[in-house]
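One chain, chain A, links the two complexes that follow: it is found with chain B in the first and with chain C in the second.
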Partner chain A sequence: MLRLRGRSRPFLPVLLLIVAVVAAVPLVTGNPSMREELFFMLLLVTLATSVNVITGYTGYVSFGHIVFFGLGGYGAFWLMQALGVHFLVAAVLGVIPAVLVAAVVGAAVLRLRGAYFALATLGILEATKAFMTNFDPAGGAVGLSFNFSIYAQYGGAKSAAELAYVFMALVALAAIAASYLVRHAKFGLALMTIREDQDAAVVLGIDPARTKVAAFVISAVFPALAGAAFFFKNGIIEPGSAFDLTRSIESLVMVVLGGVGTVAGPVIGAAVYEWLRGFLITSPALASFQLTIAGVLLLVVVLFATSGLVGVLRARFPAVREWLE
Partner chain B sequence: MSALLALRGVTVAFGGLVAVDDVSFDVEEGSITGLIGPNGAGKSTVFNAVNGVYRPRAGSILFDGRDIVGMPSQRIARLGIARAHQVVRPLTDLTVLDNVTVGACFGRDGLGLAAGRRRAAGVLEQLGLADRASQPAGSLNVAQKKRLELARAVAAGPRLLLADEVLAGLNPHEVDEMLGVFASIRDAGVTILMIEHLMQAVMHLSDQVVVLDYGRLIAVGTPAEVQADPAVVEAYLGDPRAAERLMADEP
Partner chain C sequence: MNLGALLPSAIDGLLLGFVYGLAAMGLTLIFGVTRVVNLAHGQMIAMGMFVVLAVASGAGLNPYVGVLLAAVVGLAAGVVIYVVAVDRVINAPELTTLLATFAVNLIIIGTATTLLTTSPRAVDVDMGALRSGGVTVLGTHLVAVVIAVAAAGALYAFLFRTRLGKSIRAVAADRAAAELMGINSRRMLALAFGLGTALAMTAGALLATLFSFNVLSGGTYETKSFVIVVLGGLGNPTGALIGGLIIGLLEGVTAVVIPVSWVPVIEYAVFVLILLVRPRGLLGSRQ
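Moving on, here comes the complex of A and B:
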């Protein structure tokens, strides 16, 4: 008889629990520098996990994915600054521009295949950045910044930073849960079918246009929320930091490093990448080579371990196989 | 019985090449129709027209009385036309079970994931692929991939199954098995339109045989009628071995 259930292990709760426990540490110890570091790591986990939905599951490499982080950041920031909207409300509303761009532009560019789609996403990122640089209501090239008093309604800058941190952690957890649910839903099966052979998918009854746009929208939501939290905490937003191509590419590197198309891969990839960077920049001899080393690492993975760290772990330690998806 | 599928003057052209030329025939509900003809006759192109991959230049294709020309392939699939391709198209990184589940979840029956998995498991048993369920489809050999292709189409619960050279490359024992599979699919109420080069198989299974040559329909009838048709023998003379096989297979 066939064993229909491949996942007899509680993979998702365990993964969420690990992330939640790690995220809770700086709240318990009250260590602000650790909180800052983990904020950034949770941000990277969110970005990598999200881009994995369109790139890993669906097979569409989204180079410019950071555009959604920037749009969410700008949307929420403007609402807070200009209209005095509360952070939590602004963060949720800030998702709207990201989702609109994902749906409308996605419907157009997701017709493109392979390298053309990847290039189109770069175009979207650069065009959006150029637009925001010249868009005066959003502060143009200078961007927007908070008057420090805005944090008063949250009980001061420190509690605001904590609020942003907790929010970021919840967004990361939600992104992981969404990634898992997509992966194990009928919808995820449609995405993977499109990735494997789009022409076959159509003949099998899948509507690729609608399915891909839905995946793109889902992959845009969490970066947008993360952008809101990031810039709320920073108190300043400008096009360079909101639409940073390097960060966009780095999140893809993390996905590849951890394991493309897996749930745990982007999480592990983001954690390892960020840990490695932290290690490199504190070492005086290596600091200026951190991007070079990251590049070499990427090459090694692409050439010798195409299924990433998750693949290596699964092959090396059969015991963890059923725990890692 | 009534025609589940009816082609009326269907013409498909690629630039100047008319691959299917004014072809008309009916496929009765619950029957098996064999579509035969020499290489390049336009058989696979007929399938591509029926399931919306290519749009005919002229003619209409009625499925259950409704013209489906111009409909996108995914809608045609959901109406109940499933296809096993001549050149197999496994979803290589997905498991065999997931491949077949795709058919069950997105085809005519549009099952939920759990029900789709159960359906897929049943179809894999039926097609003798159950022990391969959890391995990646890319790791199957060619004969197994052929069966997977058929399993995926059958799992959709189609009303019409388009089977394009599913028997090609199988050994005689496997062919025998598949003939049984086809008969049981038909007995389950699925109408089958099959392209085959194996004359013995076509003649044995089919209620009706349609013969194409250079895109044109040259004969339609029972296996016995078609085998006795001089135009058919003539068409196969270009391929003496095929002609020989055709002549050797008296029903």
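Moving on, here comes the complex of A and C:
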């Protein structure tokens, strides 16, 4: 089922190995600032790779996708803070609210097409954010925060941060593997058929409603896990950082930058985007105009390199085609 | 809960609704004609505010000259944005046009934040007040309503009475057929983008005469515009104006009945529900 092309290069193992080796560097060298940077980059890789499943493969622009990151974060955080549940258990249980929202709300909004769906996801994000801002059991606008002693059961704040980092790396690797498997399974073909022509997909015997909801749920799981790790490490969660529309749009920018509907695209896009932002912020000459420059670059990519970095590389260098999907 | 405060608050909200409606008309006009959801909309509203600031505080002229100027600047800016950022991808999937206008948004925010800083600004306008019983209505609010209605009326006259306006509506209805009738559709798309942006900047200019603001104030009004546009039906200018009144009234009334912070929860819940139940808006046909 997974072998659509007769002879395929070991693309997935190579990609996973590269990400794993890069992720292992700060653990080996014990460099905390590099670990923090890579934690954030792995988070972005996870977000971009996940939203690519529903937006890239299926063609549904999930504008408020960060809502799953926030729901997973809130769910896990509350379990840890209020009930003293261990991080790993809390992270897995935190997926439940995200999956429920993706399945129930997704089933309703995935009937909408095009701009209507995009706006609906925006509405869901803003509604959830506004609700959590008023929901006192979850701390309202102030949010929740840990008592520092909670890290004691993990052997101190340092080992807790390392635990969160390893977990984040594994989530990123799992998201990439899932993205690859979806793309190469019959399920992925169904998604791409829906993207190209939903009415034709129905004629071919695909149930678009069920298929789309399944894709939406898959794309919700990994951001929820990432949210649990991010806010566990942070020690504080509030609606503004959990349901940040800008970060939501940024993950779409990374997908387009790397290559919509490709496996490697979101990974490369996230890495390049974050590297570029770091470069712009630290450069004294460009720092004050970093948003302007980011906007110009995004516009150039959207207008002139629609297929993203992966698309450009594949077109330029035929040799890399088999290694870059 | 204070029933005595209900009437003034409702009137205030309703008056403000006209300005909300005007901004939303711009967004819905652009979507109706070009099928592009303009993510730079909020930033153009904010730019309208700064035109008034420049005219009133900078040049020392009457702030309402700034409102007129904002409309003219908006028309030009919208045409430029269309030609530079949208025209090339006008037939691409939604994601592309969304990100193209988002890029424009980033460019304007980035440049404006650097050049104008994010410190709060205000334009002092005194137009007196109208008092009747326990209700006080500020003159600035009444003038804003009159201008908003006049601008909406002018748009309607243009779209329904002039050849150019009819051409825009033809392109909105069926681009290919309009081209077969000899209409230059690219020009009409650019003009529609310009008109939509002019409405956004006019609304922003009016808001500047009512409240204080800063470079990032557009965001709130942008999300409000999305809610209103969906309420009235995407691409339906009349619906947008009525949607604006509904949201304005809703804000005015709910602010008295429930804590203000719950208002957005209701707004967005209504927004998602309308999309699900009546995606063509309250006024639109049932699919």
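Rule of thumb we're sticking to: the second predicted complex is superposed on the first by the 319 of 325 C-alpha atoms of A that agree within 3 Å, B and C clash if a C-alpha of one lies under 4 Å from a C-alpha of the other, contacts with A are read in each partner's own complex, and residues count from 1 in each chain.
Rule of thumb we're sticking to: a contact is a pair of C-beta atoms (placed from the backbone, for glycine too) under 8 Å apart; a residue touches a chain by one contact, two chains touch by 3 or more.
The shown structure was predicted, so the numbers you read here are calculated from the model rather than taken from an experiment.
Enquirer: Which partner does A:Leu112 contact after superposing on A: first (chain B), second (chain C), both, neither?
Expert: It touches chain C, and chain B stays clear.
Enquirer: If you stack the two complexes on chain A, which partner ends up touching A:Ala185: first (chain B), second (chain C), both, or neither?
Expert: A:Ala185 sits against chain B, while chain C stays out of touch.
Enquirer: Quick check on the superposed pair: does A:Ala127 touch chain B, chain C, both, or neither? Answer first, second, both or neither.
Expert: In the superposed model, A:Ala127 contacts chain C only, not chain B.
Enquirer: Of the two partner chains, chain B (first) and chain C (second), which one does A:Leu83 touch, if any: first, second, both, or neither?
Expert: Touch partners of A:Leu83: none, neither chain B nor chain C.
Enquirer: After superposing on the shared chain, does chain C or chain B touch more chain A residues?
Expert: Of chain B and chain C, more residues of chain A lie in contact with C.
Enquirer: Of the two partner chains, chain B (first) and chain C (second), which one does A:Thr193 touch, if any: first, second, both, or neither?
Expert: A:Thr193: touches chain B, not chain C.
Enquirer: Under the stated touch criterion, which partner chain does A:Val203 make contact with: chain B (first), chain C (second), both, or neither?
Expert: A:Val203 contacts chain B only, not chain C.
Enquirer: Indicate the residue numbers of chain A shared between its chain B interface and its chain C interface, in ascending order.
Expert: none
Enquirer: Of all residues in chain A, which touch chain C in the complex?
Expert: 55, 59, 61, 63, 108-109, 111-112, 114-116, 118-120, 122-124, 126-127, 130-131, 133-134, 141, 249, 252-253, 256, 260, 288-296, 298-299, 302-303, 306
Enquirer: Along chain A, where are the residues that touch chain B in the complex?
Expert: Chain A reaches chain B through residues 2-4, 6, 184-186, 189-190, 192-193, 195-197, 199-208, 261.
Enquirer: What residues on chain B touch chain A, complex-wise?
Expert: 51, 53, 72-74, 77-78, 83, 85, 89, 91-94, 97-98, 101-103, 105-108, 110, 112-113, 116-118, 121, 124-125, 130, 133-134, 152, 156
Enquirer: Note which residues of chain C are touching chain A in the complex, please.
Expert: Going through chain C, the ones touching chain A are 31, 35, 37, 85, 88-89, 92-96, 98-100, 102-111, 113-114, 223, 226-227, 230, 234, 259, 261-262, 264-265, 267-269, 271-272, 275-276, 279.
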